[in-house]
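The structure appears right after this line, and notes come after that.
Think of it as A, B, C and D in the order they're written, each chain with its own count starting at 1.
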């Protein structure tokens, strides 16, 4: 049998294979160069970038939970200017779509960062992290309200021609409503899910374990919630989706693809297994060969049944 | 030092210690009698009871996930009449507050079950499971909407003098809003959290692993989400709370108590460790002795800091 | 049924991915009936053993008991993470088990001629049942099927038993014909039932095989019992996870494989439940 | 730095809850500098080893290397689930490690007199550093502190080294006075600095002790380096989990303990960061 095809396209971004590294868990990619050949990845979502440099939260920023971690990094990053000047050039030698995760606390912030990145060589697309607190509206995240979410996306859409992937938070009653609103507002694709809001208490100290009190839960523990989110949104809207949340193996990635994801991202798994991305890619290829499937795209959404009967 | 006091009172129900068994994971209690002395438990929340007998969902009903399980039992139960006639009497010999978990798909259903249980000897209180689909409103769960949730609670409040504990679902944008609404509507206490909505796909079969497609995620995996929910609601409303979600050890229980729970319930842990409830009780007692605390109630909410400084 | 912390006496590879484990559990050895199972924690006891992944216990049939030595045998195949962890357990380590759980096979009236139909790992409980039936003087036809010779797990033991006990009559089937009858073990069952009158049948194996066996038994009018598998949560009847549908007057109802089974009357099972 | 699947050569209890593990990892042995660490998976390799609880690797300092044998030693105390799992690992099993990671201690100019201040498990990297410093001919004062005699982990090795190397001068402090100086090891540091002129200091131990040591060093004007601990995610500088605050011109910034450290200039650390 011929080598199966793993390549996919999402939001107009061509990927050699559907496996990306998730934002915030893979640095700017370069940190993992000693462990994986970056040229093998489908794409990399770099760490969230903001208008101004962010110092981040005080420590402790991370706490381990059953099959997961809680993090409260606080978007530590050098700011968009330094990112463009220092980091982007260092990524140019790689044959790797770089998708820049952008964040902010006002709509203006998002637009500013997006505009700064527009048209730059080496930026394949933007991922809009709408899980950030909306400072104008009492600190609730933009992403929990369809209207605020659409506002951010609309503003970004106006200032850039780059492919826009909007990253949804699972901390909502109705993720389909938010998904619909941001697609209307000009998103080209969705990525889901961001972390679940959680916390942990250090019982000896009788205080929250994280300095920030609450944090974002990620890792294998949340995979069922993430697969459900992808399933629901795909079922309702049939939009292109980058699935993520607890992916550590090819099996996990296949759950997302069969639920409706066109591509997937590996996040927390990089922390415990630096080769996780590459192992997922190799596992997907093996699965296709074993099952006699010529093209991974045949599997997108098959668990819904319509196309699944074969 | 004198033996520390473990007893608490919630919604007027006196508990020897703050540790209950969670609904659906402990049957009617009797199933666990070979493994634990039921008289040692703080309380038992029995399996959800509906107006009519329910056959439950087709199998598979359970799938294991990292540090958790997804279940879709489908509220299989003998109906309130048979429960009253056959099961309640069998529980009478135990010195154990029995809290009956009630469920329904219409407001009437809830009221009917509550009325049938009102004033019966051996019923210490009701736990209202508002995570059930509201058939009148497109199948969205009652518990995701403050108004629908309040409607159910109000209707139940009218027909019974029993203590009412309302069980909140975490699948909402703003759990504090739902909590406030049901307290207004007459709840005496809250229990949280019910399961997170999730799903899993059997990649060989290319189909959802559960016959019901989606299921409820429980177990240690969800503990950070549950602790956060208790923390938020306690902080905002200072109401009595039964905390649950992934509790398997005394440490876990203490996280909930320090976040603001007056009592806790052990759920999924019973499945892998039938003695989990008793081990949590023993561990709490040990902790109090080690830390020189005379009364467990001193620890309720201490992680918020106001009372925590000692 | 109880919870036991049992020392592992032995854990030995006895075939392709198949292990035989012996636990020191005198109470279980004394009580266990064929068809009952243990609910086994796959994490050995000790500091650092409170691991939540995999989370659940694994149900394994009692494969044999040695009451004198207080030993209980399990026979299991490594199919996933839980059984892989079990395979790594070493002699002397402690395993936490619940059991014996469930309802086992019911024994036939004295002097019966019975047939046992085992598919794949179905031999684990049926071998124990065979020993018990022989002890009570029944004539036991044992049909064991597998995909190929290498997967006929207890072949040696069954042939040895045949040598020792004239009333024990094993025969074998493989899908690829590498040993014995070429075809499914249910084919062998048809051949047997056509040839001799059998009082009762007992079957354990993959669902599809049980279903076919139930069909054959119905056609020949032989009452039988099948041992079902379902994913389990508690194993003790509390969580209602392990449902299987059985026919009832006027419809069907869900029964708990762990507490109402795992053994059910072959004719009562509703094979359409999924 | 790389990822290695390393066979465990030895894993032996050497003190109260303390184990010494030796890994066969020639590349690591050849490259590792004192103060660097390995990021160690606590689940041994093999079928059924893909366990997600505990999820993260554990950082452990390189305690020594034997370049000829390709061996790397770790010294660790069992404090939680991860280290408890490590303690159960047996000779011959495979462990997945990343490393050597981080920036180690910087060596002083030739012919220096230095002091090493170890609190509790802080001896693990400092013993390796001491060996290295002695190799380059420096005079090494080694101050080791603990709560009580039983927790002075490398007492025997340190005394043995003293016998062998005249330029190695260990002294000891215990909180309860059960051995050596009665009081904190930083008390011992003050005594030493008051008595002799020291060119440079290196400290590793609990945060509170490091903080006090930094204070003493500042008072005496001795430049020093401290090795910090923080909870780690990736260990390779990517996730920004392991922040510690360092003073900078005009304020402070967060640095990564795993990649910018774990060794920092004592005067640069902002101890108020939590």
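Basically, a contact is a pair of C-beta atoms (placed from the backbone, for glycine too) under 8 Å apart; a residue touches a chain by one contact, two chains touch by 3 or more.
Keep in mind it's a predicted model, so treat the numbers as computed, not measured.
Each chain's centre was taken as the mean of its CA atoms, and the one lying most distant from chain B is D.
Here the CA centre of chain B is 46 Å from the CA centre of chain D. Distance between chain A and chain B, defined via averaged C-alpha coordinates, is recorded as 33 Å. Chain A and chain D, compared by their mean Cα positions, are separated by 36 Å.
Residues of chain A in contact with at least two other chains: 66-68, 219-221. Residues of chain D found to touch two or more other chains are 50, 52-54.
Taken as a graph of touching chains, this assembly is complete, with every chain in contact with every other.
Put simply, chain A touches chain D in their complex at residues 24-27, 31-32, 34-35, 47, 55-64, 66-69, 71, 73, 76, 211, 219-221, 248-249, 268, 270-272, 274-275.
By the touch criterion stated above, chain A contacts chain B in their complex at residues 65-68, 70, 144-145, 171-174, 196-201, 203, 206-208, 213-215, 217, 219-225, 227-228, 231, 246, 251, 254-255, 258-259, 287, 299, 302-303, 305, 308.
Those residues of chain D whose C-beta lies close enough to touch chain A in the complex are 1-3, 41, 50, 52-57, 98, 230-245, 252-254, 259, 273-274. Here chain A touches chain C in the complex through residues 66-67, 220, going by the rule given at the top.
Interface residues of chain D facing chain B in the complex, by the touch rule stated above, are 52-53.
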